[in-house]
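Sharing a structure here in structure tokens format.
Should a chain be cited, it is by its letter among A, B, C, D and E, assigned in written order, with residues numbered from 1 in that chain.
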């Protein structure tokens, strides 16, 4: 089968519609993952085992099972108990929860990497807990996390095609729909690959920059 | 490519089975809990192939849209999934003579609250969303009638579509009559009903699809199919599934393709 | 005699199975300069950390400035103190660490002003002015805008002292503040501490391996071993005519290692 | 005079803009024990590393055992040596490092047998037997099955010596082999080296800051400064009546630091 | 309910396919990880380039695109792959590219003194890698390899989209048969969790086994 330039040009606008949704889902999903990850990290540190153990188990469970199945679950099973999420919302929650388990690890590592002497110095300076977090711990913990977190955003971007399974018309789904419609897989799939490659080349550059920018703290 | 094509049937005979694509959409195609492949389309294909000397069929489940690319990519030897014979598909593959016919129908909430009776009516309504199976005929009908892309929800498989109708994610679910009745029977949900036939849609007839170049195989297949139709064996296979054997005899591939294929 | 500013009464402390402090009792008078010496692992650091509320205690009571540190009086008895009480008590105590523990993301000046601004509600300008006075005193004023990473160990430790002083504590705790420093940098830190001891009437507790400094600096020396006070007295007595065998053995080893006492 | 086993002729070496060795020439006789001393940064380590082919040279030539080390003769001229030539030459030389560089994942015995088995095709049993003899000699036989992490620094270094000896090199290089050790462990390593010097006729080059050991051990001492040989001679001359001012200053500083010469 | 046991069997058949994909994919991934990781450290620029190209391409494009390409586009170039082959290849190459970076990082974190000791003992480049560097680096790689294997396990769910009858696919089939959604999906969620727990437990065990003695206490 030969590459058909005319067909390729014809489908690009439709694919671009998909790119918009893909980016939307990635950004929203990242925002959820950042926040959820923070909660996971804090809850898992809790001294109360009735909090830390179940949260730990939940994190392990979500990390150990496929996002695709989790999406099915959110989309097709939750309505049975009265929770009806729109496809994009279900997708964003799915991505956010799944990646939240990864980002929680990043937060944990970032916080653990702040030397214990800093906690002690803060106590000796008589700072309250919230002051210690805001002025001492987080300003040191966050910068080294940024490149790692950004890396997960890029991974998430590459997993958005899964949302096709719950009828979100993102890039991959647009491409499949086009392929189904015209009985041609070569051009849509290749173009999607090219889109992903372009975005990830940019993100590699961005990640390198972030790594250099935040390598040194203080 | 013709030299190789002559050998298609020989090859199938030798390997003892034919690889077919199905969709798992009863009563057209169905995988039983023990993994057995059945449904009207595979049963017809199985009977015809047996007469041609090919022992059995081995089925892979596939999206409708992926079937024709799959044939082109030589993933299957044929599609026996109740793929409707339509001119643009005739350009891409070779069809057998029609075997299974059905009209289009809508599954809707009880009492058809939006009162839609045609794809045009869906297009005209403000917000009605129609569910269609990816790559199926209904997707093209809906888009062709002017329903905007955002309101044509491509569901990944038949069962998901019904669930989405129940959950109110879509207002109308378009599939052939027999598919909808099977789904509704299984769901046993008094809140749903079927509307059929959909106005302004013809009766569609499906055939078995072969790759381009497998003309000889297709012709042998047609010959056996014709014999079975006249002997009444064909009716014995399809009627238990709810299909009319007669409907398939009233039309022909040439008519459905709008020319030779 | 004056009311002691620190009253330690029957305190015990264990890490898991390891009993580090055993029924320990001693008092410190206001303005007293107390040196804690003893072999490694004898519990010196642990006492300071308990006073700074960095470690909890397993038994006994501690009074600071006339108030219970780890407890609150409640219906005649004592109940464990809550965070609010600890917060209030910590305002009376400052600590300087062996490894400085400066905040690496803040400048020298910000390190010193942070706590006054946050915990005492000092105005930004006021805090800066007092911070500069303190930095002047420890000879670090011209580095006010540097980050800790740009400083030598001795400079870091002088900043850490200024930081602890900024809260105007009644009691200062020094835990081997020179032992992480290169030999040529030790003196600059000790000089600052000497001046501090002369010019203020703060109560100071000093853990050190620098016997000659302890000798010059302290009003009284406690010699620890195995979590107990083995001997105590004025530095002249302890260092020149120790009574206990263990003290003698300890000092002998120190001298053998080349230290002047 | 015997043909020298090492002939260093006009060697220069730079790291970037920093010239570390400047037109350096000296010979070593077979069986000679040579000590290299001098201030930090004078290039002593660099010479040993060049002989071990861990650093390349920028100019000059080196002959080991009569053969060019860094070059091959080719059509009358010299061309840079290839890896095969270096591989052959390295078999003549062994090196013991300041930080031991034992293989942490292998037992003591495996550390010693690895290279003989791999590079000399020694049989497993033969290699073990000779390794045990060597471990016996350095007093580490009973630790043969321990991993390096379970050993003290002095024990590690003795194993490292045995490992280097296992290849039966003609020349042994020692680079400050005791300077990473706790003081009480230095002697056990020096004792092994003393025995080695007495009992074998291996050529040995020793870089050390232990002047008294260099004095006892060496037949000849080279004093380096700034990448050049400032003075050389028998240890008695160099250590008791150095001629050069720089040597005198260096030794004076060493004595001031408390070392016996 | 009697029927359900038949459906459960269907899902277990799928579980077998999932295991098969995971094991074969992991083998391919391991091979590619070492080829890619060692390739990036090669002395020859063209090998480095090749390895970098492989790694960046497979990490850069999405596993979905790779899978669909392997399944639908490669046959057009005369490389017909069965769904299983396409799945194993896409998963293996994709996860292998991530693994390659792990291999490289671990090898580079072996201290340079170990390399020098090898030179002093006159080991050849290959002997050095085989007997000294890799055994030490492997211990460092293990935890991340474990995570990668779990990522691969999760990735197998995606192959249901190219109609390979793995566990997720069979759950869909069951769902189509029965109209029941919650039961099949909860069942496979549980099975996936069991698998991933098994992987991480196995890796932790291996890690403990290999690390024994490396940080041992002095006796």
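Here is the rule we use: a residue touches a chain if its C-beta (ideal position, glycine included) is under 8 Å from a C-beta of that chain, and two chains touch if they have at least 3 such contacts.
Every value quoted in this text rests on a predicted model; they were computed, and no experiment measured them.
Between chain A and chain D, the least number of touching-chain steps is 2. Farthest from chain C, judged by the mean position of CA atoms in each chain, is B. Chain centres here are means of the Cα atoms, and by that rule the chain farthest away from chain D is B. Look at where the CA atoms of chain A average out and do the same for chain B: the two points lie 39 Å apart.
A separation of 46 Å divides the Cα centre of chain D from that of chain E.
Here the CA centre of chain B is 83 Å from the CA centre of chain D.
With centres taken as mean Cα positions, chain E sits 54 Å from chain C.
Each of residues 72, 76, 181 in chain E touches at least two other chains. Contacts with at least two other chains are made by residues 1, 76, 165, 176, 179, 185 of chain A.
Taken pair by pair, the chains that touch are A-B, A-C, A-E, B-E, D-E. Within the complex formed with chain B, the residues of chain E that make contact are 3, 6-7, 9-10, 13, 71-72, 75-76, 80, 83, 163, 165, 169, 172-179, 181. Those residues of chain B that touch chain E in the shared complex are 24-26, 30-35, 60-63, 66, 69-70, 72-75, 157-159, 162-163, 183, 186-187. Looking at the complex, you find that chain A touches chain C at residues 115, 117-118, 120-121, 123-129, 131, 135-136, 139-140, 217-218.
Of all residues in chain C, only 52-54, 83, 87, 90-91, 93-95, 97, 99, 101-106, 114-115, 118-119, 147-149, 163-164, 167 touch chain A in the complex they form. By the touch criterion stated above, chain E contacts chain D in their complex at residues 113-114, 116-117, 119-124, 127, 131-132, 135-136, 139, 213-219.
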